[in-house]
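Here's the structure we're looking at; comments come further down.
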Amino acid sequence: MTQQESTTNEEAEELRIGAFICECGVNIAGAVDCNAVADYISTLPNVTTAVVNKYTCSDAGQDEIKKAIKELDLNRVLVASCTPKTHEPIFRACVEEAGLNPYLFEFVNIREHCSWIHMWEKEDATRKAKELVRMGVARAALLEPLQSSEVPVTNKALVIGAGVTGMQAAMDIGDMGFQVYLVEAGPSIGGKMAQLDKTFPTNDCSICILGPKMVEVNRNPNIEIMSYSEVEEVDGYVGNFDVKVKHKARYVDIDLCTGCNSCVEKCPVEVPYWEFNEGIGTRKAVYVPFPQAVPLRALIDKSICIDCGACSKACERGAINMDQEDTFSDLEVGVIVVCVGYDVYDPEPNHDFGFGLYDNVITTMEFERLINASGPTMGKVVRPSDVVQPKRIGFVQCVGSRDVNSNIYCSSFCCMASLKNAQLIKEKYPDSEVYIMYMDMRTPFRMYEEFYNRARDMDIHFIRGRPAEVTENEDQNIIARIEDTLTNKIENLELDMMVLSVGAVSPESTEKIRQILKVSRAADGFMMEAHPKLKPVDTTLDGIFIGGMTQGPKDIPYSISQGSACAARATRFLAQGKALTEGITIAVDEDICVRCEVCVPMCPFQALKMDDDGKLEIITALCKGCGTCAVACPTGALQQSHYKNNQILAQVKEVFAYEEV
Amino acid sequence: MVEVGDKLVGYATDDEVRKRGASGGLVTAVLAAALEKGMVESVVVLKHIDEYEAVPIITDDVEEVLASTGSMHSVPVNLAKYAVDRKVAMPGKPCDIKAVIEQSKRNKIDLDNTYLVGLNCGGTMPPVLTKQMLIEMYDIDPEDVVGEDIEKGKLIYRTKDGNEKAISIEELEEAGFGRRKNCQYCQLKIPTNSDLACGNWGVIGDLAGSATFCEVMNEKGKRLIENAVEAGRIEVEPASDKAIAIREKVNGVMVKMGETTQEKVFTQMPDEERLPYYREALADCIDCGGCKLACPVCSCGDDAKCTLFHNLGDNYKMSMFHLVRLLHLSDSCIGCGQCTDVCPVDIPITRIQMSFSIPAQTRLNYKPGMNADEKPPFFEVMIQ
Amino acid sequence: MADNNDWEPKIVAFCCNWCSYGGADTAGMGRFQQPASTRVIRVMCSGRIDPLHVYNAFLEGADAVLVTGCHLGDCHYVNGNEKTELKYQFLEEMVKQLGLEPERLHLNWISASEGERFANFINDVTAKVKEIGPSPLKPEGVS
Amino acid sequence: MIGNVYQTVCPGCNIGCGLYIREDEEGALSIDFMKSSPANEGKLCRFGIKLPEHYSKAVSMVDGAQASVEDAVKAASDKLKGADVTMLNVGNTTSEESLAFKAIADTLGTVVNTGMGVYSELPSECHPTVGVGMSLSDIESAKRIALFIDPYIQYPLVIRRILKAKENGASVVSVGWRNIHLADENKFIDPDKYESELGLDSESVIIADVHPNADPGWVKRMLNLALKTGAKIIFMKPFVNATGVDLLCKGTGQKGLKEIMDGINDGSIKTLVTLDSDLVELMPNSDEAAETLKKLDNLIVIASRDSAVNEIANVVIAAEPQYAKKGSFMNVEGQLLKNNGSGTAGIDALSSLNQNLGGEAMESASLHNKVLEGIIKKITKPKYKELACEVMDIGSMEGAKGNLVFLYNPFMWFDQKDDNDFVMVNLNMAKRLALRKGAMINLTSEGGSVSMRYKVEDMPDGLILTAKKIPAVTEWVATVSTEVV
């Protein structure tokens, strides 16, 4: 057998441990005889001083520690008081000020773990406190100095997804003077908001707010828009991300094309326009996404193009280029903001409320395209079966939300969306009857409740209940059998058209980018933030931030504020130019490691890699200090600093002693 | 001309090799051909010393390969560790092949450049005890023995003066002799995890004793056979259905014997008796580390979690070294018995380890040493 | 050893810094009284609790060892607790096969807010261990 | 073959465990198990497993400068011609080299000392019994076994023999220093109660040991016990070829190691020649031994290993490593165990040294035949009569003073590092000294003080056992004062 890794410290450096037992007023002294503990601890080896003070965390208490460190030149400090969760940073800073490495500090909890839970057994509590501090002293003897390392940060940012949140984040970062790559999968920036007609609560036209922002983003010198592009690979860590972006072939040269639509007119192929108009109306094989698109450029849908050449003949500038190929570019960025948005819940599979069975049951997004002035019907609301303007329209709330069969969460914007649409119908067609069938109307923010009252004043009918059964009569009108739980009346409501107020889901297409970035996935399918309150737009991966619908269903104002939040959190790194990484990380002992690579798949942060000549390489910047790879390692070569095996075992051994001690 | 899955009967073309071989010398010829044709840099073989002793050597000299023919039932050595970090071909009993595959799972052997010629194995015997058995049960002088074989549950010895003597394995093992304890409950008799599974089971009719039954298990096996045929070292022909059936039957009998013995040996003790049994069994341990050194599955170096945090000076009632090893090998122990062989105080370590490994491996439905892609569950905690 | 009722078992509890250690703190803040049997050892993640440490605790004299951490999905390091759970199955099975009473080893996910649950857990384990007496692996003359 | 494989015998002790030493292409050594070796069936104790750390290549030196073997032999013979030479061979090497070494002694008209001083105080008729008392398998067939050694630390490969005996119904009584697991009874009784209380008869076996520091009184006591009870007795020895060397160097006046060192100190020994016997390693205090050896006019060392004494020797004649030698060893059972190596560098050097001194040349084949003649064929019944003896008293054990007892083991004889950096005390002593678990105990003796870890064992009070040489202690029997560090 080899020489055992000693749990006693034989380093040349003479150990001088200072133990500070806190009374915390009566909180600890009430049950623990602190002087007895201090006396016992002073008899232990390597303990230079063991003192009791009333409030160690107070300034006076901290000064006493600093004085003791200097006068008795202590090289280890132990404080036995409350919980490290709150006070460890304070004492680490105090110890550092006195010139001692902050990791040569050991914290023993004798309040929450001892005095407060043994309030009436003073003798037991004192004995336990002695043993806890003895364990602390054993560990303190084995602590080693550590430095949290600094990593240089490339002062460029990557924003993935150019919806309203992405654009806001890109503009904020750009305005702070940093270069931003704005990568958008679709042919134009703008995202879902570009499809909406009006937005609550001000009912101002959606594209009128969005358009100027899109132009501003396009004009911002620090923002480079990469439309119709997708992120393929992301490597590296905070401050040093290497990103590979694929620019999908448009078969149109965007430097030559001016978006003049002359090619579109000549194109003989026409298909329903699903991507933007939810299938209402059509688009050609070559098309410009929508009138206000940025970049205002055409693109060709190769899957339906019949290569007739009509478009290239029609284009005087010769912008059409049939054998264009995907191109790639490699970016180096310091931070990444992910706002890849949402999808509308698709009621088709479970035929919610008759959707897909009856023509006149449509979703909110389809309604948005109908009522939109630049939409396929130029703003005329008509019903799909006979393209006639429906008199009686009903909105069904919480479709695909707050429902155990689909999604249990509330999608937060559908109530306000229906109120808005109902008001628009009443303004456009005063003689129509509008019903909103709801469980609860949720109007939480500024002017939302007033918006709700205005809707009531326009005598929109609110039925507290949802259709139990939906059928269609011979004129293809929708019969909704509904009970109003406020009046307990059941009625068969006949409607010309029914709009399902659908919620939001995390799009399948974003699963790829989530896995590339290794951001974890919450139970509801959206991306998970580091902490709901402490770090709402951070992820557990330093330097990667999420905002807007990517992080969960929310309305536009909330999304825009999260866009700015991401920008603020991201530019912390860009502004400082360096990032502090975790001090407690992993280290490998080269001559014990047998290269079995068991540890590499263990790390959720990809901090372990085998370099090309087969040796283990540790990216300390990525290591979060959880230590699971140290357990996976069969040889004990991988050691988590500050929680090394001999440090933990020294504590385990000190729990026990010979009886007469 | 040869496909994966073919079942063949063949022999070495060189009569010398064929005669000296246990049955046909095909294995030796295939190995020699692999070396000659540069498929491998060296070959691991057993250098013959006497009927009861042979030492594994790594050779790049064809003559030494040819000299190593003949099966050696009383040389219970595991060859896996000699293939580490080398480009070798090697013969192997099922437990040798299992150990090579386990080493490949731990990145110590690259299976692509390790050619495994498997040998059927009815079980091996401890040399010193075997000599004692020959004197007491067979009344034969160990020095006169020229060959031995396991056939139809009987252990047969041939002596210089030409006659044979056979005693049933059951009878021998009742008297405390016969095969090593772990071989008695081993259930892999035909090395289906190797590239070529060779043996004399199923060699019938006039070829009996002078040909080898050989099943091509994978692409590498196919290349080995074709290479040996091209080199003119062997001749093969498809095995008859009768031969195949007989081989299956013999295998079935031997495996059944293993299963029943395993049931008997590993009957679970009542709860309160187990800890005293384990403490008593491990009490004499002198911490020599021989079992760790001999274990062909262990790939840690001298320093590992079982040795680094264990010390002679501990006052523990059980050895931390053994507790850590029992856990680290609970999924990977292949029951090869090397640890019991080398334990200076005769602790039945294989039996103790298997009493932990069998429940763990059954729970996980994981068979160590059979499939190189199945990573050991204890260490490969794969979280997607 | 004193007879069973006033003999105080010694329990080693490995707690993860983010959740179960916080649970122990909350138990303290809630003044949930517990027997003075348990000694908490803090690690950054339950994934850092090595079977080696559990064995060392038993061999040094622990009457029970508690492996605690965050609930699945709450892990600060994404999936540390899932790996602990998988490794724990091997450990539990081996301790059972070894012949130690199953009451001496527990796995329990406790969040930082579940103070009372932590206290009840300590009370239950201490009571059960008091019933079955000191650990057969406890070295002579050690308490 | 790539690299090479040597079949050899472990130099750890007299049991003579067979094993293989492998040398890979880069010369790195590793061990392999030789399961057909009768003495140990391939099994090895911790010393055997760590043999790669034991072997090292010796380098010929003259007056501190590297030299060829021929020059070293020449320098040695110049220094030896006409000098009053003392020769030492404890039995760490082959019988053939020992015979050649004896031939040189004859040429110089002196004797070869084996360091076993006890032999010179025993009547010659006891020598066969002490040399080869019985076979190891006799232990397995015994009905009662009296153990006077600690097999776990000193001779581990004896344990499996005792366990087999217990399987056959034997009972084991241990008269060692600590309670050992395989013993049915552990008796720490007065030597004169052995006959009455140990319950030995003609079907019993006594396992004792003899070594350079053995107390002659004690060995006689053992012989008397065997004689009176009719029990068979075996004396384990610490050097692989101790039995062989004793038989082959049948000279009288076997000086013990202590005697030799005293002789150097009082100036009566001026020139010393050793064959694979490193006095710096063998003596209790290495530094003190080195100082003493420096007083010699001429220290000539014939070594197959690069050990401590090579540094201070005037002339070092390097032979090939022990595993590579062509030769044989005789183990405690009187079995002749052969190396399969072909190295004769050692023999050739000794032969040319002998020629330079006027003796005749020697080569390994003839030496081997002489070895075969020298072996006694049968194990004879003890032919000695009762011997007068009194056993040296260890001394009373009071207060904080503790009696230090060395449990001789291969790591100690070769002063080789092992994981045994602790001493053993019993629980009362631990509590009396208020030793904290995992703390250190401080041992002070005339040579200074050292702090070591401690392990609690079930053993008599006031006693301290160690399996490791303690730097502070200069005598094999010592009392040390203790307090907690």
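We call the chains A, B, C and D, going by the order they appear; numbering starts again at 1 in every chain.
By definition in this document, a residue touches a chain if its C-beta (ideal position, glycine included) is under 8 Å from a C-beta of that chain, and two chains touch if they have at least 3 such contacts.
All values reported here derive from a predicted model rather than from experimental measurement.
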item: Of B-D and C-D, whichever chain pair has more C-beta contact pairs; value: B-D
item: Chain occupying the middle, per Cα centroid; value: C
item: Chain centre separation (chain B, chain D; CA means) in Å; value: 39
item: Rounded Å distance between chain C and chain D, as computed from the means of their C-alpha atoms; value: 50
item: Interchain centroid distance [CA atoms averaged], chain B/chain C, Å; value: 43
item: Separation of mean Cα positions, chain D and chain A [Å, integer]; value: 72
item: Multi-chain contact residues (two or more partners), chain A; value: 1-2, 4, 602, 604, 632, 645, 649, 653, 656-659
item: Sites on chain C at which at least two other chains make contact; value: 50-52, 56, 60, 79, 83, 87, 139, 141-142
item: Residues within chain B bordering two or more other chains; value: 287, 289, 305, 309, 311-312, 314-315, 381, 383
item: Chain-level touch network, classified as line, ring, star, complete or other; value: complete
item: Touching residues (chain side chain B, partner chain D) in the complex; value: 42, 47, 49-50, 52-53, 55-61, 64, 74-77, 126-129, 283-284, 286-290, 293-294, 311-315, 341-346
item: Chain D contact footprint on chain A (complex, rising order); value: 1-4, 7-8, 44-45, 138, 653-654, 656-661
item: Of all residues in chain D, those that touch chain A in their complex; value: 46, 417, 419, 421, 427, 430-431, 434-440, 453, 485
item: Chain A contact footprint on chain B (complex, rising order); value: 106-108, 287, 289, 299-305, 307-312, 321, 328, 379-383
item: Partner chain C, residues of chain A touching it in the complex; value: 83-85, 109, 111-114, 116-121, 124-125, 127-128, 131-132, 135, 520, 523, 540, 584, 602, 604-605, 624-628, 630-632, 640, 643, 645, 648-649, 651-653, 655-659
